[in-house]
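You will see two complexes here that share chain A, one where it goes with chain B and one where it goes with chain C.
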Partner chain A sequence: MAELLQHLLNGLVLGGTYALLGIGLTLIFGLMNVVNFAHGEFYTLGAYVSFAALALAGIDFFAALVVAIVAGAALGWICEVLLLRPLRSESIDTTMLVMIGVWIAMQNAELLGWGGVAKSIPHPFPTAPLVLGPVAIAPLRLFVLVLAAALIAAAWLLTQKTKLGRAMRATFQDRDTAALMGVGIGRIHAATFAFGSGLAAAAGALLGPIFLVYPSMGDLASLKAFSVVILGGLGNLPGATLGGLLLGIAEELGAGYISSGYRDAVGFVIIILVLLLRPSGLFARQERIA
Partner chain B sequence: MTRAGGWLLAAGALTLPLWLQSPYHLHVAIMAGIFGVLAMSLNLLLGYTGQLSLGHAAFFGIGAYTSALLTLKLDWSFWPALAVAVALAALAGFFIGRLALKLRGAYFVLVTISFAGVISLVSINWIELTNGPLGLPGVPAPALGPWSFRTKTAYYYLVLAACGLSYLVCRRLVMSRIGRALVALRENEPLAESVGVDVTHYLVLAAVVSAAMAGLGGSLYAHYTRFVSPEVFLFTYTVTMVIMVVAGGKGTLAGPVVGATLFTVLPEALRAAASWQWQMLAYGVLLVLLVFFLPRGIVPWLARVMAGSQAPAEPDSPTIRR
Partner chain C sequence: MGKRSIVVLALVLVALAALAVPGESQAPIKIGVIEPLSGPVAASGNYVRMGAEIARDWLNAKGGIGGRKIDLLIEDNKSDPKEAASAAEKLIVRDKVPAIMGAWGSSMTLAAMPKLEEYGVPMVVETSSAASITKRGNPWIFRISPPSEMEALGLEQYVDKLGVKRVDFLAVNTDWGRGAITAFGDMLTKKGATVGAKEFMDQSATDMNAQITKIKATGGDTLFLTTAVEQITLVMKQAQEQRLGRKIVTTGGSSSPTQLIKQAGAAAEGSYHIVFFMPWFPESMPDGKLAKAFVDEWAKRGHPSEGLTEGFRGHDGIATIAEAIRVAGKDDPKAVREALWNVSLMGVNGPIKFDKDGPAGKESGQSRPSIFVVQIRDGKVALPDFLAKK
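Moving on to the complex of A and B:
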C-alpha cells in the first residue's frame, strides 16, 4: 500500500509537468490547427536556457526559471511570425512539415551547441526527502509539483478571465467570425504559440534538475505532450491537465509493476488505444477549448 | 521524363560499377539504392494517399531484424529470409492500415510514430531475441547458388534489381485503377467515396505495399552492413526518407529516386566539410525552405523548366493545387 501511494505521488509530480506540456500543445493544436512537432524542442530549450543561466551566467535558480520561460515564449513568438503566419491559409499537412523541419533543426542546433553529453542542473533544495506518513518526497519534486499547479492555474485564469483569453476562445470556436468581431487573429495566434512554447520551456526547466538535460530529450516530451492532448481532447484545457496527471501516474505504475524498460511505451500505447477507441478524448463529448 | 532519357539513365545505372573504380563510391551508390527503395515506399503513402507515415523506420527495422534473425538463428539462406522479412513488414503494414484507417492527417502521423516507438522499445528490451542495444553482428552476405553477393559490385546489382522492381511495382500500381483511386481519395475523399471508391480497401492496400517495400529495404540493409541494432529504428531514417520524398517530388514516380540519389550523394560529398549534426541541421532548414519555395519538389519543377513556358507541367498523376 505504501508502495502504491509512493508511485502515485511520483506519478503526480511527473504528471504535473506533462500537463504543462500538454496544455501548451493543446492550445496550439486546437486554436491554430498546427501540429507542433517542435513542441518538445521548446521543452529542451527551456532546460538548456535554465542550465546556461545557472551554470554559466551564475544567476539564481528561480530567476533562471523565469529566464527560461521568457526565452521559450520569445522564440515561440518569432517562430509563429516568421514561419507559420505566411502559411496560415495552407493545409495542416504543410505546416506540419514546416514544424518537423523546425524540430530537426532545433534539436541538431542544440546538439552542436551543447554537445551530446548530458548536463545536470544544480538546484538549491536540500536532498533529504520529506517524510509524510507512508510516503517520502524530495523537496525539489514538491516544488516542481507546486509550481506546475500554479502555472496550470495561471493558464486557466488566462483563458477564462482575461480579454486575451476570451479572444482565444472565440478564435477557437470560429476563426472567421472572431475576425469579423474585431479579434486580431494574427496577434492571437502569435500569443497562443508564445504562451504554449513558454509553458513547454517551463516544463523543461522544471524537469531539468530532476532528470538530465540532453539534446534529444524533447522527442519523448513531444510524444508525451501528444498523448496528453489526445487523452484530454483537442483544445480541452482541463482535459489536458487530467490527461497529464493520468499519463504520469500510468507511467509510474507501469514502470513500478510491469517493467521499467517499457515506461515510455505507456504513452505510445495510450496514443494508439485512445485514437482508435475514443478519438475525441476521454473527457469531452466534443472538441472544445478550456 | 522522356523515354530516351529513361533508357539513358537505366544504361548508366547498369554500367555504373565500370565507371566507379573506388569501392567507396560504389558504397554510396548502394546506399542510394537502398534509400531509393525506402523513399519510393514512403512516397506511395505520402505522395499518393496524402497520409504521412513517420513510423516508416518501423517497417524498415522489422525487415532488417526478421532477415537477420532468420539467417543467424535458424540458418536460413538469404532468399527465404528476405521473403519472410517482406511478408512480416507487409503484415505490420496491414495491421497499421486496418487500425489507423479511420484516422487522417496528424492522427495518422501520431499512430505511426507510436507504433515505431513501441517496436523500437521491444527491440531494446527483448534481449533474448534481439540481443538488446548490442545488436546482432555477423549477418551473412547473400548468395545465389555458387555466386556470393559479398563484393560491392555484386551487391550493387542486387540493390539495383530491388530498386527496379520497386519502381515497376509503384508504376504498375499508380498507372492503374488503384493509383487513380488513391489520388481521388487524396484530393477529395467524400467525392471519391460517393462514386464508389472503397476507402478502406485502397488505403490498406497502399499501406501494405508501402510497408512491404520498406521491409525489402530493411532486409537489403541488414545483409549489406552485416549488422543490425536498435539504431535501425532511429528517427533519422524516417526523416531522411521524408526529406527525399518531399525534395524529389511527392506524388511523382521519379521524385523519390531523384531525392534518394541527391540526399545520399550530397551528404557524402559534404562529409569532409561538415559533421552529420550539421547535415541534420541543414535537413531541418532545408525542409522548411522546400515547403516555402519548392513545395512540389524538384522533379515537377524540372519538368516545368524543361517543358519551357509553352506547356504546363505534366505530373505522373493528376494533381489539383489546394
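Moving on to the complex of A and C:
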C-alpha cells in the first residue's frame, strides 16, 4: 500500500512537470496551428539562462526563474516576428519545417556555447525529504508542483478571462473577422508564441535543478509535451493538464508494476489508443480549430 | 609571358616541390577516435578525448613514431549507436585511418563493429563493458577495459566485507547495463546473496522514482547501480529523496566519484565505486610515476579533476595504438592488427597485453586491466575500511 501511494505521488509530481511542458505547446500548436518542434529548445534555454543567472551572475534562485521566463518569452517573440510572420499564409507543413530548423539551430548553438558536459543548477531548498506518513517527497519537487499548478491556472485565466485571451481565441478561430473587429493580429500572434515559449522556459528553469542541464535535454521534453497535447486535445489547457498527470501516473505505474524497461512504451501505448479511439483528444469538448 | 615571369614561375614551382617532398614522407600518422562528445553521456566522452590528447602530445613531444607526428581525428557519436557506425565508416573510408579508438558505450561499440570487419581496420575499445563485444568473433577488436564478468570477479573477494546479502539492480537499458546485471547477478548468487529487483532506465531518462520505489519495497541491503555519472547523480539524489537507505555500489568505472561529491553532495555519502584508476592516490597504481605524471598534466591543462577516472582511458587507448604502430613499423591497418597481439606496455591503469577471447579462429583481444574499489566518505574519496592500511 505504501508502495502504491509512493508510486501515485511520484506520478503526480512527474505528471505536473509534463503538464507544465504541455500547456505551453498546446497554446502554440493548438491555437496557432504551428507544429512547434523547437518547444523543447525553449525549455533547454530556460534551464541554461537560469544556470547562467545563478552560477555566473550570482542572483538568487527565484529571480533567476523570472529572468529565464523573460528570456524565453523574448526569444519566442523574436522568433515569431522574424520567422513565422512572413509565413503566416503558408501551410502548416512549411512552418513545421521552419520550426525543425529552429530546433536544430538552437540545440547546436547550446552545444557550441555550453559544451556537452551536463551542468547542475544549485537551489536553496533542503535536500532532506518531507515525510508524509508512508510517502516522502523532496521540498524542491513540492515547490515545482505548486508552481506548475499556479502557472497552469494563470495560463487558463489569461486565455479565458482577460481581454487579451479573448482576442487570442478570436484570432485563431477566425483571423479575418477578428481583424475587422479591431484586434491587432500581428501582436496577438507574437504574444501567444512568446507566452507559450515563456512557459517552456519556466519549465526548464524549474526542472533544471531537479535533473541536469545539457544541450539535448529538450528532445525528451518535446516528446513528452507532444504526447501530453495529443492526449489532452489541441489547444485545450485543462486537457493538457489532465493529460500530463495521466501520462506521468501511467508511466510511473507501468514502470512500477509491469517493467521499468518498458516505461516509455506504456505512455505511447496509451497515446496510440487515444488516437485510435478518441482522435481529438481525451478531454476534447469541441472539434479542432482550423 | 616575359622572361622575368618565367623565372618567377619556375621559382614558385621549385619552392612548391620542395615543400611537397618532405611533407610526403613526414605525413602525420592518423588515429581515429569515436567518442560521445554530445548527448546524455557527453561528459565522459569529452574526458576520454582529453586523455587521448595528452597521450598524443606526450608521444609527439618524444618525436612521434619513427619521426612522424601523431594526428588524432576525433568524431562525435552523439551518444547514439547509429552515429557511431557512420563515424567509423567516415574515419575508415574518407580519412583512411589505420586504427580507431572508441566508442565508449557498449551499444555504440557494438554498432561500429561490423564496419571494422567490413573494411578491415582494428579498434581499441577503451571503455565498453558488455561481454558480447569480445565474444562475437570480431578479430578487429582489442579491448583494454574490463568486461562486466572480469569486473565482477575483481569484486568477488570483497563481497563478504561489503556485507552484501540481499541485492537489487538498477541499470541503464543498454548492452552494458543488461550485461552488468547478468555478470554481477551470477557472481553474487554464487557468493550466496539473494537477488531482488532488476530494474532498468532509458539512457536519457531523468526521473527514476518509479524504479526506486519498487526497489525500496524489496527490503534488500545493497543496490548495484550501472550507468554513467549523470544518471548516477540523479539516482542518488532521488534515492535520498525517497529515503531508500541502501548501500550503493556502482559498476563500470564511469561513476566519477569526484563529480558525484560535487553534484550529488550528501546523497553520495557512503557509496562504493568500482574504478579502474585512482587519481586520488596515484602512488597506489601499478605504475605510480606514470599515474602521477598523468594527474599533474591533467591539472596543468586545467581539465576538471572529476574527469580523471575517464580521461586515463583515452591515454591508455592511444598509447596502445601508438605502440602497435611502432611495433608494426608502418601505419597499415592489417599490420597494426598483427602488432596489437604483440604489444606489451604500461598504461595508467596498469600493464596492457592482449589475450585471445571469443570463438576460435576469429578471436578478439582482451587485456586484463586492474580493478579497484573506493568509497565516498566524509565528502572525500577514500579506500574502503577493509582496504585501508591500518
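The rule is short, and it goes like this: the second predicted complex is superposed on the first by the 277 of 290 C-alpha atoms of A that agree within 3 Å, B and C clash if a C-alpha of one lies under 4 Å from a C-alpha of the other, contacts with A are read in each partner's own complex, and residues count from 1 in each chain.
Rule of thumb we're sticking to: a residue touches a chain if its C-beta (ideal position, glycine included) is under 8 Å from a C-beta of that chain, and two chains touch if they have at least 3 such contacts.
Here the structure is a predicted model, which means the values were calculated and not measured.
Steric overlap between chain B and chain C is present once the structures are superposed on chain A. Within the superposed three-chain model, A:Ser120 lies in touch with chain C and out of touch with chain B [touch as defined at top]. Of the two partner chains, chain B is the only one touched by A:Met96; chain C is not. Legend: residue contacts after superposition of the two complexes on their common chain; A:Ile137 is shown touching chain C, with no touch to chain B. In the superposed model, A:Leu164 lies in contact with neither chain B nor chain C. In the superposition on chain A, contact of A:Ile78 is made with neither chain B nor chain C. By the touch criterion defined above, A:Gly261 reaches both chain B and chain C. Contacts of A:Leu14 after superposition on the shared chain: chain C is touched, whereas chain B is not. Look at A:Met106: by the touch rule set out above, it reaches chain B but stays clear of chain C. When both complexes are overlaid on chain A, the residue A:Ile59 reaches neither chain B nor chain C.
Only one of the stretches 21-29, 57-65 or 111-119 belonging to chain C has C-alpha atoms clashing with chain B in the superposition, and it is 111-119. Annotation: chain A residues 111, 219, 259, 261, 264 touch chain B in one complex and chain C in the other.
Interface residues of chain C, counted against chain A in their complex, comprise 36-40, 42-43, 45-46, 173, 199-202, 204-207, 209-211, 213-214, 216-217, 230, 233-234, 237, 240-243, 262-263, 265-267.
Of all the residues in chain A, the ones that touch chain C in their complex are 3, 6-7, 10-11, 13-14, 111, 115-118, 120, 127-129, 131, 136-138, 141, 210-212, 214-217, 219-220, 251-256, 259-261, 263-264.
Interface residues of chain A, counted against chain B in their complex, comprise 29, 35, 83, 86-87, 91-94, 96-98, 100-109, 111-112, 219, 223, 226, 230, 259, 261-262, 264-265, 267-269, 271-272, 275-276, 279. The touching residues of chain B, counted against chain A in their complex, run 50, 52, 54, 99-100, 102-103, 105-107, 109-111, 113-115, 117-118, 121, 124-125, 235, 239, 242, 246, 277-278, 280-281, 283-288, 291-292, 295, 322.
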